[in-house]
Amino acid sequence: MDEAQIQRIIEAALLASDGPLTVANLTKLFGPGELDEENATRQVREALKALQEDSADRGVELKRVASGYRYQVRQELSEWVSRLWDEKPPRYTRALLETLALVAYKQPVTRGDIEQVRGVSVSQNIMRTLVERDWIRVVGQREVPGRPSLYGTTKTFLDYFNLQALTELPPLAEIRALIEPALVEPDESITVAVQTTDDPETDPESADVVQLHSGASPSN
Amino acid sequence: MDEAQIQRIIEAALLASDGPLTVANLTKLFGPGELDEENATRQVREALKALQEDSADRGVELKRVASGYRYQVRQELSEWVSRLWDEKPPRYTRALLETLALVAYKQPVTRGDIEQVRGVSVSQNIMRTLVERDWIRVVGQREVPGRPSLYGTTKTFLDYFNLQALTELPPLAEIRALIEPALVEPDESITVAVQTTDDPETDPESADVVQLHSGASPSN
Amino acid sequence: MNESVGQLQQARTADSATIAVVRGEAVTQLPTDLYIPPEALEVFLETFEGPLDLLLYLIRRQNLDILNIKVAEITRQYMGYIDLMQALQLELAGEYLLMAAMLAEIKSRMLLPRPESLEEEEGDPRAELIRRLQEYEQIKTAAEGIDELPRMERDLFDVAASKPDLVKQHADPEVDLKEVLTALAAVLRRAEMFQKHEVKFEPLSVRERMGDVLALVNSQDGFVDFGDLFQPSEGRMGVIVTFLAIMELVREALVEFVQAEAFAPIHVRGASGVVDHAPVFNTNYGGEADSDMEAAVDADADADSDEDR
């Protein structure tokens, strides 16, 4: 058997195996006469060496670990590969979204102002989250006892929601129309639906519905 | 980011992932600015193409199946690679394969439809096995009394059989071809595997397979 | 009779002495066209997926065109099997008996002369059987085709490289603007249930500018030249919006004006809460004027005119 074929078999076996394989494991994959009887181990070692060199510039590398050889993803690529297992980001609470909306429409506002409109207290946590996200910022203090911070929205906020300026936000009349839908013309109302979570798997090319042709040549 | 790095990341991701990845999945691995914003998809596709060409002479190949791209051991190397495992690959009974074929080619179908064509009742066991393997799934109900479940095949089914779409299934034989006697060789034999129930000692190659020769030629 | 069945039969005769079988010879008790010894019959039967499969086998064995089934002959053979199975007390699925009944009916209809009109109406009694046989054979072939496809675990194997140490990445939640607006609608509904007065909102342009002015004042040690707050490049509208924003800030006591003496430069500073400088601009900025100012903005700027009052 030629070297290239030996390398192919070893590469395939290492990648198909669930764990590392030793030189002995690999040698056993070959049938009688496929390796030189006397040099079998050396042939396998040489193939491993060649595969190692071959993987020098690839996304995976052939490494020798305690229990044998295995292919592993290069550590320096983990930044990208890790994203495969990224958890879905959590969703913001309704309280946070209400707070954000009030800051946007009523800025500059204090936490107290927001609490007054919402009718419930606003946790410090919510304000901190919004500030950390750089969607709101402290723009000053109200000169009343306690000097509460006044919040306003930021450029980042506008950028995230793809707005040039706050004036591009729908006027309050439209928002109120959401409360009393009967007051607006059906086709004027803006449809507000909370997006359902998108399916990241969706690939428009591989739709589930496929036409079956009996006898037709398969399409590509 | 240069092409070589994009290819490395995609190769690493495909080899690290537990299942096939779509172009959309792969594109999402890259951070802002790492791919050309307008050409991101094209860049990923080109990298996949390059990796596909690159693997032409290797032990694994980059293949596109129904739910995305995956690396898999080249079919012609399965002889060696399968020696890694002691277990024989699972075998499927004719009853299961015929049921699967009916779901694949005639979907959506009810269990009753399947029984109608096969002329025998379909065991609940077979349906359960197919559903548990995620090869078929309930896609709806037929609006007749009893509202029987309608079954269809899944992407997992296509992936398992190395297909991108149902259109790649072998075309159904034309009915006319079936009635041409010339197509039947006189000594054509039917090889039938009879599943044993519980004897683990039995070698499936010997006792359980009965050759049924339809020809009249007697053996000596 | 073929070799493997012969071997099977030999293996079986060891513990079953019911019927003696000579290798290569049809057994006398059985119909002559059955080439299966009774010992093998149970196994034989299990190899069929049902009566259609068995019928197909019988037809193919005779190298017959399905369209040309000799119903009488096939029925005879089929019945032979059924009888044999019953004689051997093999468990016989109901479907086989049903098929036997169907075949018997077809056979009887073929034998009996029928009025031509009735014949035309009902057609060839074999048609339905033929259709079913064809349909079944098609699926049987398709199943064989699927079985031959290269498949995972047998012909193809999944591959995987070991994963690197994963980098834990924290992603921020995604928010759609519509979600924010829906939340605002909900809070307004609640607010109007609890409060008598309407929640009042200034035009957004003014609100936005108020934040900007306040941030600017605070960033400059809380003291800015009044003129510096205006950007002439924004034009008349921008100047008005800024002016309104400053007025609103003054009214809300968030900033105050400072002027050292008459005609001296006016400065704006963050409100101290204590009125200690002598010449302070009039901060008593009435509600009436407020609406007038907003009306002025509305008249000038379409962008702002749709703001709710």
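Lettered A, B and C in written order, each chain numbered from 1.
FYI, a residue touches a chain if its C-beta (ideal position, glycine included) is under 8 Å from a C-beta of that chain, and two chains touch if they have at least 3 such contacts.
Quick caveat, the model's predicted, so the values are computed rather than measured.
Student: Check every other chain and keep only those touching both chain A and chain C; list them.
Tutor: The common neighbours are B.
Student: Mean of the CA atoms for each chain, then the mean for all of them together: which chain is nearest?
Tutor: C
Student: Tell me which chain's centre, taken as the mean of its C-alpha atoms, is farthest from chain B.
Tutor: Relative to chain B, the chain with the farthest C-alpha centre is A.
Student: Please compute the C-alpha centroid of chain B, do the same for chain C, then give the distance between them in whole Å.
Tutor: 20
Student: When the C-alpha atoms of chain A and chain B are each averaged to a single point, how far apart are the two points in Å?
Tutor: Result: the chain centres lie 29 Å from each other.
Student: Residues of chain B touching 2+ other chains?
Tutor: Expected reply: 12, 15-17, 60, 71, 73, 81, 105, 169, 172.
Student: I need the residues of chain C touching at least two other chains; which ones are they?
Tutor: Residues 157-161, 163-164 of chain C touch two or more partner chains.
Student: Would you tell me which residues of chain A are touching chain B in their complex?
Tutor: Its residues touching chain B are 4, 7-13, 15-17, 21, 25, 28-30, 57-60, 71, 73-74, 77, 80-81, 83-84, 200-203, 205-206, 208, 210-216, 218-219.
Student: Which residues of chain C touch chain B once you look at their complex with the stated criterion?
Tutor: 1-6, 8, 24, 40, 43-44, 46-47, 49-53, 57, 60-61, 63-67, 93, 95, 99, 132, 134-147, 149-161, 163-164
Student: Can you list the chain B residues touching chain C in their complex?
Tutor: 12, 15-18, 60, 70-73, 75, 78, 81-82, 89-90, 92, 94-95, 97-98, 100-102, 104-105, 117-121, 159-163, 169-170, 172-173, 175, 178-181, 184, 186, 188, 190, 192, 194, 210-214, 218-219
Student: Would you pull the chain C residues touching chain A in the complex into a rising list?
Tutor: For this pair, the touching residues of chain C are 157-169, 171-192, 194, 199, 201-205, 207-208, 210-212, 214-215, 217-218, 252-255, 270-273, 303-304, 306-308.
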